[in-house]
Amino acid sequence: MADALVETLGKALGRDVPTETAATALLHEDRLFPVDPSVRAITRRLYNQIKDLPLVSPHGHTDPAWYARNEPFPDPAQLFVVPDHYVFRMLYSQGVPLEKLGVPHANGTAVETDGRTIWRLFAEHYHLFRGTPTRMWLDHAFSDLFGLQERLSPSNADAAYDRIAECLTQDAYRPRALFERFNLEVIATTESALDDLAHHRAIQSSDWNGRVISAYRPDAVIDPQFEGFHDNLKMFGRLTGEDTLTWDGYLQAHRKRRAFFKEVGTTSSDHGHPTARTADLSDTDKRALFNRVTQSAATSEDAELFRAQMLTEMAIMSLDDGLVMQIHAGSHRNHNGPLFQQFGRDKGADIPAPTNFVDGLKPLLSKVGNEPDLKIIVFTLDETTYARELAPLAGHYPCLYLGPAWWFYDAPDGMKRYRDLVTETAGFYNTVGFNDDTRAFPSIPARHDVARRIDCGFLAERVADHRLDEDEANEIAHDLAYGLAKKAYKL
Amino acid sequence: MADALVETLGKALGRDVPTETAATALLHEDRLFPVDPSVRAITRRLYNQIKDLPLVSPHGHTDPAWYARNEPFPDPAQLFVVPDHYVFRMLYSQGVPLEKLGVPHANGTAVETDGRTIWRLFAEHYHLFRGTPTRMWLDHAFSDLFGLQERLSPSNADAAYDRIAECLTQDAYRPRALFERFNLEVIATTESALDDLAHHRAIQSSDWNGRVISAYRPDAVIDPQFEGFHDNLKMFGRLTGEDTLTWDGYLQAHRKRRAFFKEVGTTSSDHGHPTARTADLSDTDKRALFNRVTQSAATSEDAELFRAQMLTEMAIMSLDDGLVMQIHAGSHRNHNGPLFQQFGRDKGADIPAPTNFVDGLKPLLSKVGNEPDLKIIVFTLDETTYARELAPLAGHYPCLYLGPAWWFYDAPDGMKRYRDLVTETAGFYNTVGFNDDTRAFPSIPARHDVARRIDCGFLAERVADHRLDEDEANEIAHDLAYGLAKKAYKL
Amino acid sequence: MADALVETLGKALGRDVPTETAATALLHEDRLFPVDPSVRAITRRLYNQIKDLPLVSPHGHTDPAWYARNEPFPDPAQLFVVPDHYVFRMLYSQGVPLEKLGVPHANGTAVETDGRTIWRLFAEHYHLFRGTPTRMWLDHAFSDLFGLQERLSPSNADAAYDRIAECLTQDAYRPRALFERFNLEVIATTESALDDLAHHRAIQSSDWNGRVISAYRPDAVIDPQFEGFHDNLKMFGRLTGEDTLTWDGYLQAHRKRRAFFKEVGTTSSDHGHPTARTADLSDTDKRALFNRVTQSAATSEDAELFRAQMLTEMAIMSLDDGLVMQIHAGSHRNHNGPLFQQFGRDKGADIPAPTNFVDGLKPLLSKVGNEPDLKIIVFTLDETTYARELAPLAGHYPCLYLGPAWWFYDAPDGMKRYRDLVTETAGFYNTVGFNDDTRAFPSIPARHDVARRIDCGFLAERVADHRLDEDEANEIAHDLAYGLAKKAYKL
């Protein structure tokens, strides 16, 4: 009787009383919400207003061939383990060889190919993901997409494998059906400047209405240290009919390719540089630098300076053609030399490095930073720059916007730190909403949902301590989930 | 009936039940307090003990002419928008030209001068300040000082303008009356070493009892890269009767001006250097360096070295004359070159840069760091140094104290991070209470109030998890709000 | 009546209602637990499962002579004040001379020796420790070990002194009895490569069963800037019968000493370098470098490069002999030059500096980083590297593990930031549980207890927002408190 009263009153007062026998369904409806009952109640109200908004995915790395060909995804291991460096890097860090996880060798050495064998090894190590966003994304897909009810473990691994494998044979699990199920309003992929965009053109000439666009990523012809740079320049010339071994022809080739990308709906370019350095050289110096980096192997300093100058050139082109410019700076790629030799790029060995935006961006900003029609979105892997550099820069320069918490920080605690560090100086309107930036198609709804939950919790805390009114928080929640991404990326 | 019981019990248990129809008065009495009911209750108790303590403002940039002349403030736009770079930088970052906000051009090009027009533009963009401290300071002044009850918006902009404008015509809104209304026990302004302190002397010889003192800020005659450095040195010589083109005369001139400042009540000097670098050169090297920087345009390295050496010289003078030394290091001033050309200094384009205190301060500290009578207060814009460098340094060297969260970090979340990062190593007694550091006179009560609320919340959290007893927290709250500032600044 | 109902219901709902008259026992049973009642309840459940687990102390600096000789500790001041730089640095930072605290001068100048006089001075300044971990460790020992019930203050200082002094005369307060009372399963001390390990051998040949092992710390023969480096090398040769002035003999001497340490149970080496730099030179370059640093005074660059190369050599030896390698990088030792001249090392003037692990560790990791049998545990004093560098590195390289929050960060808020910054990328299983790393024997139970409380609170928060299930949290809590330390250190 007393217990019943307590429980009734507890519920009425918004108190959620967890007990040792609490159910462990994979997805709790209040997951990631602040725990204080009054804040949780506000969070719920905010979240309920925006949770069903369409997903806008303005930057990512899914494969356009999926949407073009609409073929079934292969087995569960090929869907969840083999291509996802978030997943296999964690097992590798605990001593599991990549070969056993089916990750292909660069030289063709045989690796494990049996999906079920890989899946069992994955399930044995599933506890390693405790506390990580990977765990949440996986559980979300397991539960929401495939109806699994139990936490993955060695004892249920086979059953889970069978269930997912069976689903993947159904039409409802083909890429286009999932695109629609995910409520994607638009998704951007990212293609090299040398790509023929055949998949995008195929999608557009098909009878399917899904909006799949690309982003212009010219690293292969801008970074003198990129594999095959000199050959890439030649292909760049063939594709555009320009003499890309002259500075003028090279710039003109960029203009033509940007226009080619725009024809299939592209609204942005993307630049993955190791640092945030930009440059604004004289015309003479630019030409001399171009000759040095194209006529022989570039020195490290010349390579860095050329990348720096090209960010400014890209910004100038954006002023003309309106492409939104994204700068993803600060990753030390392929840190693990021996592993890179064996397995190639993107194997979980890209490590963030300290990044200086204050000095780095100054030449570009001095050139075009006060242009109100230019949009440059900056992403960082160095959280120390959020409050110290990026928020003050974005809170001043008209052209500058802050991308969301990126990569290692695209996770609940990382997102909270991002808002905590950025908002007081830059506010909400110098940020651009959420990017999932993923290759893992089934994780897209989970990632957007995490961002929406965390942002609503952040706003609710500020309503609860009276820094924001709830009607404002509602408006902001909508903007962060939907409006800002559309506006920033001109979608 | 059940609802009434729940509400009664909820209140009794300290549970504040926000609802969608909650009132939106501009200032909630519990604003910025932790949301957990038990912590909030402790916070309230702590805050109520200290909220009405007089304001001690030991460092800031208000204009002494206000207190000397006691003239009415001009229109609302001139009070809140035109001079406040916190305000206009945010609108500028979203594409609003500074001309339309009445910010004067350096070359005299005409800009908007109609207060109401500027105010309306400001009100249209008021949502940009959501989540920022600027919003809280403005709302505090709007509500507390001018009695506005509604959030500023385009629809009530004219009414708000009229109300504020009407108030400004009343004697109760003149500077001296506001000084008293704000319960200011003392305020320090900051003047150049070349200033004649006429306003301060006028205040002191008036029949008004408000305590307005200055701080000795010698950047114009210490920084070889300061505009007009060589002319400044000449004026420095004229003012002191010393040959300021010799090293001995130059130092003597500083001593005389410091004494001159002390005559009007000055207790501190202030040094706004781009880095924390100090030096301790030999006598020969000092003289040679002085000759180089005074006889021609200094190289960047010589300029930096001279600033570095002069911090040590100032510390040595402080040992003699007792002035408390403030070092505000790490701002990359006037980052936006084109804007600086058009509009001049202090236009919201000062961007923090990484700052190294461990190596930077070592020469000075090796020279005088163990002097228990010396007080050096260090401020940073690089939060990464709080826990890594500044707290360990202040928790060891007798001369060293940590200034409060500064500039971009003088905001609720910034203050919380400051205490979180500093306290476990440096404790509370190597910090110096609050500085408002503002040019915006009406924001002073709001800024102190924010600091008091955040500090009480921080203490309450430590009472609630049993790291502090409440009687100790009460003592600390009093020290942070009042006692430490008086002691650190010898007020 | 209403009050009684409220109190009853409040308690039933898990609401702890602090009042102004709350008791102030030194140790509250819920200290450091999250304040939200539902999270606190989960924390309690987790903590109760693991609070009584034995203490595993795999890295620290207690004196093996204590356990070998089992003599009583001297007076309270010698136990708590004189040897603890955490304690005396804080008083020194507020102007108390070290001489008055009994800290011995390097040159033998007389200092205070009266325990009671020192203790009274300490008690007068006890408020300086408010908000610091030192305060908690002291209160824990005062309360748990010596039965003190009141906060230390000038008025009870003598009584506390008498009580502690009396206890120290009892056999129950001798080192071995305390070792058992603390429930220490194993403790590691740290000895120089030149140590004879006589105390460890004495312990092992005694009839006492306490497990006290050492760690191999070769800084004195690896760092060319260490005091007496050249003499140290000679003694290194005498101890091993190797010609330590040749590269081959020098390496062989290390191998022999490592084997000698292993004989008394050593499972790890420890390396206290100013930076995280490593190197992988050619054989020719290694020999030339060795000759340069051993034949004359090394340049700073050569000294740094030699330390860098030797980290790699030590890692290679670990592959052979299985010692776990600990790298404690990033402290600027003896920052206060004048104080170092007067008082020597370890006087609270070691200041953290920015540390670059991405570039620093690359040579070593390229050499041996993919070896699954190698274990390298990295500690940092630069928290900015937790999320940016260390978690991504440890979440990828098989050999790499993250040590717990170290030194200034071995404190509740520091530990929370550590978990917050590390977990989403590295998970829990690339960390190694807790190290107390202390010289202060009575603080050991307090330090482990703080870590257990904070970790349980961290886990409980993730159970409460449904990121973890409680059964998982229980498992993790056990691992963090006990299992991971045993596994990582092969204990």
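Chains here go by letter, A, B and C, matching the order in which they are written, and residues are numbered from 1 within each.
Just so we're on the same page, a residue touches a chain if its C-beta (ideal position, glycine included) is under 8 Å from a C-beta of that chain, and two chains touch if they have at least 3 such contacts.
Bear in mind that the values here come from a model prediction, so they are computed numbers and not experimental data.
Engineer: If you list every residue number at the chain B and chain C contact, are more than half found on both copies (same) or fewer than half (different)?
Structural biologist: Mostly different residues.
Engineer: Please state the rotation angle, between 0 and 180 degrees and to the nearest 5, that superposes the Cα atoms of chain A on chain B.
Structural biologist: A turn of 120 degrees brings the C-alpha atoms of chain A onto chain B.
Engineer: For chain B and chain C, what's the span in angstrom between their mean Cα positions?
Structural biologist: So the centre of chain B lies 38 Å away from the centre of chain C.
Engineer: Residues of chain A touching 2+ other chains?
Structural biologist: Residues 9, 13, 36, 384 of chain A touch two or more partner chains.
Engineer: Which of the residues in chain B come into contact with chain A in the complex?
Structural biologist: 2, 6, 9-10, 13, 15-18, 20, 22, 24, 28, 30-36, 89-90, 92-95, 127-133, 135-136, 151, 332, 335-339, 348-354, 381-384, 408-409, 411-414, 417
Engineer: Using the touch rule from the top, collect the residues of chain A that touch chain B in their complex.
Structural biologist: Per the touch definition, chain A meets chain B at residues 9, 12-14, 36-39, 41-42, 45, 356, 358-359, 362, 365-366, 369-370, 372, 384, 387-389, 391-398, 400, 420-421, 423-430, 461-472, 475-476.
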